[in-house]
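Each structure below is given as C-alpha cells.
Shared chain: chain A. Partners: chain B in the first complex, chain C in the second.
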Partner chain A sequence: MKKILLVEDEKPLCLLYEEELGAEGYAVTSVHDADSALEALKRVAFDLIITDIRMPGKDGVELISRIMGMRKDVPLIINTAYQSYKEDFMTWAADAYVVKSSSLDELKARIRELIKG
Partner chain B sequence: MSELRKDIVTGRWVIIASERSKRPDDFRPAGAVPKEEVSAFCPFCEGNESKTPPEVFALRREGTAPDGPGWRVRVVTNKFPALSPGAPPPRPEGGLFQSMPGVGVHEVVIENPDHAKELVDLDTGHILDVLDVFRMRIGAIEENFHYQYVQVFKNKGKEAGASLSHPHSQIVATPIVPKRVKEEVYGAERLFRANRECVFCRTIAEESRLGERLVLRNGDFAVLAPFASRSPFEMAIYPLRHSPFFTGTTRDELASMAIVIKTVLGRLKSMLSDPPFNFVLHQAPNPTVSSKAWPGIRGYFHWHLEILPVLTKVAGFEWGTGFYINPVPPETAAGYLRETS
Partner chain C sequence: MIERHSFYFTESQKKGTRELALLSIISQSLFQPFSLSDNLIVILTALTSGAGVGFNRAMLFLKDGDSLRGEIWLGPGSVEEARSIWEVLSTPGIGYIEVIEYNRSLVSKNKDTLTKRIRGLRFPLDEKGEGIPGLAERDKEILFVRDARNEPRVDPQFLELIAVDDFVCIPLLARDEVLGEIVLDNAITKAPIVSSDIKLAGMCGLIAANDIYSASLHRKVVEMEKMAALGEMAVFVTHQVRNPIAAIGGFTEQLLQPGLDEERRQRDLRIIRDETLRLENVVTQISRFLKVSLKEPAAFDINPVLVSVLESPELKAKLAGVRLHVKLAPCPTDVVCDPSSVGEVFRNLLENAVEATPEDGAIAVSAYPKNDRWFVLSVRDTGSGISQADRARLFTPFFTTKERGMGLGLPFVKQVMDSCGGKIEVETRKGRGTTFRLLFQTKERERPQ
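For the complex of A and B:
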C-alpha cells in the first residue's frame, strides 16, 4: 500500500482526505504543521507528500524547501486554497499545484500520475 | 521647501522633499544586516534543473546536455506564467469591460548557477553573458510580431518583489504596447517634433556638461541620477550611441555596459548595505510594430536601463496622484554615488 503524508492544519479536512484517499487504497498519515511533517519524514519512507501552504509556524513553502533538502526524490503536491503562491518560485519544487475545491478529483488524478505501480 | 519636478518625456511629476532629505546611512538597516536565511533547497541551483520547466536557452559548457548541470546562464519558461504563448489575440471590442486572452511570453533568466552570487558579484565577462542572453531572447521573441513589447526586468530582494534569492531576471512579452511605454514613446516623439533632436541624446549631453547628476561616464555609456528621480538613488544607464532597440547593441557595447553595471551596482551595494532594487529595461516596442505605429521612432527613441532602489514605500498619495515623493535630491544621490568606491 502506497504511503502518503498529508500536511494540513485543518483537522476536519484531514479526516475527509484520509477517508477519500483511503478508499482509493492509500495509507494516509496526517500531520498539522511543518515540524511534525519533518519528524514524520525521518521515521517513514513516504511515497508522496501533500502539503498545504498557509499553516501556523513554518509555512508550506519553507517546508517544501526543507523536504527537498532531505529527500529530493519524493513526489510532492501543493494543495492550497490560494493561486497566489504560484508567484513564489520555491513552489516550482513541487510536482503539482492543486487549488483546493469541494471535489478531490484533480488531487486524486495528480496522485495517480505521481504514484505509479 | 520641497520642489516639484517634471519628467518632460512622460509628463510624470515627482516631489523632491528636501526637508526630508536623507543620507545613505539613513537607509541602512539599523544594527547588523540580517543574513537572508539560506534555503535548504532552491529550484534554480545547478543540479536541480528537473524542478524547472525545460530550458528555452542556455549558455553551457560544451558537451553538457540541456536541462542538466554545466550552464552559465539558463532561461526557462515560467512554470506559472502571467502570460502564455498562443495565437494572436483579437483586439478587445469597445465597451465598458474590455479584455483579451492572456497571450504572451514569460521567461525566467537564471543568471548563474551559484545561489549566493548576485549579479554584482559576477565577473564582467559573466555579466556580459547575461546581457547577451537578454539581447538574444528579446530578438527571438520579437520575431513573433504579435508580441508587441518585450519587458526585461529584475527584482532583487523581497521588498523589490523577488520570491527567491537565487539571482534571476525575468522577461515578459505582452500582446499590446503597455501604457507607460506608449507615454514614453509619444513623449519622445512630441519632443523630437518640437526640437528636431532626440530628447535622450540631448539630456545625456546636457547632464554630462552640468555634471551634478552624472554618476559616471565611459566611452559607451552615461549613468545619470535622473532630474525627476522617483526613488532615492535612482539611476538610468544610457548608451551614448543613439539606438532605440536593445537588440541593436553590439557585443563590445554590452561588454562596456557590463563594466558599468558592475560598478554602479557595486556602489549601491557598498553605500546602502545591499539594498533591494528593481531594474527595468526601456526600449522601443517590437520593431515590426514600431515601424507601423511610430515610423520615425528610430530617430527619437533611445533605449536605457533604469535602476530603482526600493527604499521608500509607494502608498496612498502615489496611487492617488501618480506623483512620487523622493526624499533624496538626485544631485545629492549622484554625489554620493560618484564618491563611493
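For the complex of A and C:
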C-alpha cells in the first residue's frame, strides 16, 4: 500500500483527505505542523507528500524547502488555499500545485499521476 | 497695466527683522500639527498682520478641476470694521499667536464677512484663460495688477468683487503643479504695494503651496495604505474561505454516496454546519472591521455594559474551568467612547484571555478610576504571555497566532479606542501572562434634572 504524508493544520480537511484517499487505497498519515512533518519523514519512507503552505505562526515556504531537503526523490504536492504562492519560485520545485476547492478530483488525479505502479 | 515679479530674491534684503518676524509666524504652520485650513490661515495671517507683510486683505483660492474656488478672504470688510479689528489687534500684549487664533475663530464661526463673499465663487482656469485671476496660474508668475479698472484682462466679476485699483496675484505652485492662488491688496489704507512686499508674499505663496501639496500627498498615502491593507486582506480571506469550502464540498460529496451509515451522515452534517458557521463568522468579522466609521463617541456609565458582557451565557460557557476575579469600582464619572462597541471590545479581550489561559489558570477583570481624567478597564490573564515578535504586530489586521483566528480582534479594539481618544496599555511576560489596560477619557456625569 502506498504511503502518503499529509501536512495540514485544518482538522476537518485532514479527516476528509484521510477518508477519501484511504478509499482510493492509500495509507494516509496526517500531521498538523512542520516539526511533526520533519519528524515523520525521518521515521517513515513515504511515497508522496501533500502539504499546505501557510500555517499559523509558521513560514510555509521555509517548511517546504526543509521538506524538499529531506525528501530526496519523494514526489511533493502543494495543496493550499493560496493561489498566490504559485509564483513563488520555492514552490516550483514541487511536482504539483493544487489550489483547494470544493472538489477533490484534481488532487486525486495528481496523486495518481505521481504514484505509479 | 501688469508688472511681473520673480519668486526668488535677487537683491539683498535689508529689512532683516521684518523677514524674521514673518518667518516666525509662518513657522507656526510648519511645526504644529494643524489641519490644512489652519495652516493656510496662519499664512494668510502672516500676509495681513502688521507684524508680517502687512497687506490689508488676503484672498485664497484653491484649484478645483479647471477653476479657482474661493475659500477664505481675510481682512476687514469695511473701513469701520477695519478700525474696530485693528484696534483690538493693536492692543499691547497681542502677538501673532493671538492674531492667528482670532482669525481662525472668525473663519470657523463663519463670522468673517469677506470670506462669506468669496466662498464658493469660481473663476475659470482653462488653458486659454486670459482673465485675472486665472492668468497668474497659466503663466505661473506673480502678477502685480495696477489700475485694474483700466486693465481689460481683469475678469469683470472679479473686479466687482475686489473693488480696488492695485492688487497682487500669487499663484500657489508646488512641483510645477498649480494648486491655488492668493490675491492681496491694501483696500483700506490705500498704501502703495512695494516690491519687497511682493517678494515676501511670493515666499508665503511657496509655503502655502507646499502645505497644500503635502496635505494632498498625505491623503494619497492614507489611500495607498488602505489599498495595501485591502490586498493583505484579500489574501487572508482567500485562505479563510477556501478551507471551509474544501471541507463543505468534500463532505457533501461523501453524503451523496449511497450506503453511508447514519453515524457518518450525522458527523458529516455537523462538520458542514460548523464550517458554514465559520464562513459566516469570517463575513461578520470583516464587515465589522470595514465598517466605515464608528458611532460618535458619547458619555455613558460603563459598569452596566461590563456587567452585561460578564453575565452573557456564551461568555460564561467559554469561561468554564477558569477562575475569574471581577472587581468593578463604581465609576463616578461617565466614560467617553462608542457605547455600542465597548461591550464587543471587552468581550474580545476576555476571549483572548480565556484562550491564553491554561485549565487551572485565572483571569482578573478590574475597572477603576485612575484619576480625574482617565478610567481604566483591565483584563489580566495568567497565560503564556506574548513573544517580543508577536508583541510588535499585536494590532496589525490579519495577524494571528490562533489556528482559526482572523487577526481582527485587537485591531478592532484599537480602532474603537483610537476613535474616542482612549489609550491601550499592554504588559506581558513570557510564561507569566498578559495584562491589557484600556484607558477611557472621563466626563462629568450630567445630573438628571
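As a working rule, the second predicted complex is superposed on the first by the 114 of 117 C-alpha atoms of A that agree within 3 Å, B and C clash if a C-alpha of one lies under 4 Å from a C-alpha of the other, contacts with A are read in each partner's own complex, and residues count from 1 in each chain.
As a working rule, contacts are C-beta pairs under 8 Å (C-beta built on N, C-alpha and C of every residue); 3 or more make two chains touch, one makes a residue touch a chain.
Small disclaimer: the values here were computed from a predicted structure and weren't measured.
Novice: Considering only touches as defined above, state whether A:Leu13 meets chain B (first), chain C (second), both or neither.
Specialist: Only chain C; A:Leu13 stays clear of chain B.
Novice: May I ask you to decide whether A:Lys72 touches chain B, chain C, both, or neither, giving the answer as first, second, both or neither?
Specialist: In the superposition, A:Lys72 contacts chain B only.
Novice: What is the contact status of A:Ala81 with respect to chain B (first) and chain C (second): first, second, both, or neither?
Specialist: second
Novice: Which partner chains sit in contact with A:Glu106 here, chain B, chain C, both or neither? Use first/second/both/neither.
Specialist: In the superposed model, A:Glu106 contacts neither chain B nor chain C.
Novice: In the complex of these two chains, what residues of chain B are touching chain A?
Specialist: Per the stated touch rule, the residues are 39-44, 48, 51-52, 79-80, 108, 163-164, 166, 168.
Novice: In their complex, what parts of chain A are in touch with chain B?
Specialist: Touch residues, chain A against chain B: 62, 64-70, 72, 86-93, 97.
Novice: Please output the residues of chain C touching chain A within their complex, sorted ascending.
Specialist: 235, 238-239, 241-243, 245-254, 271, 274-275, 400-403, 405
Novice: Inside the complex, what are the residues of chain A that reach chain C?
Specialist: Chain A residues touching chain C: 9-10, 12-13, 15-16, 19-20, 54, 56-57, 81-84, 99-104.
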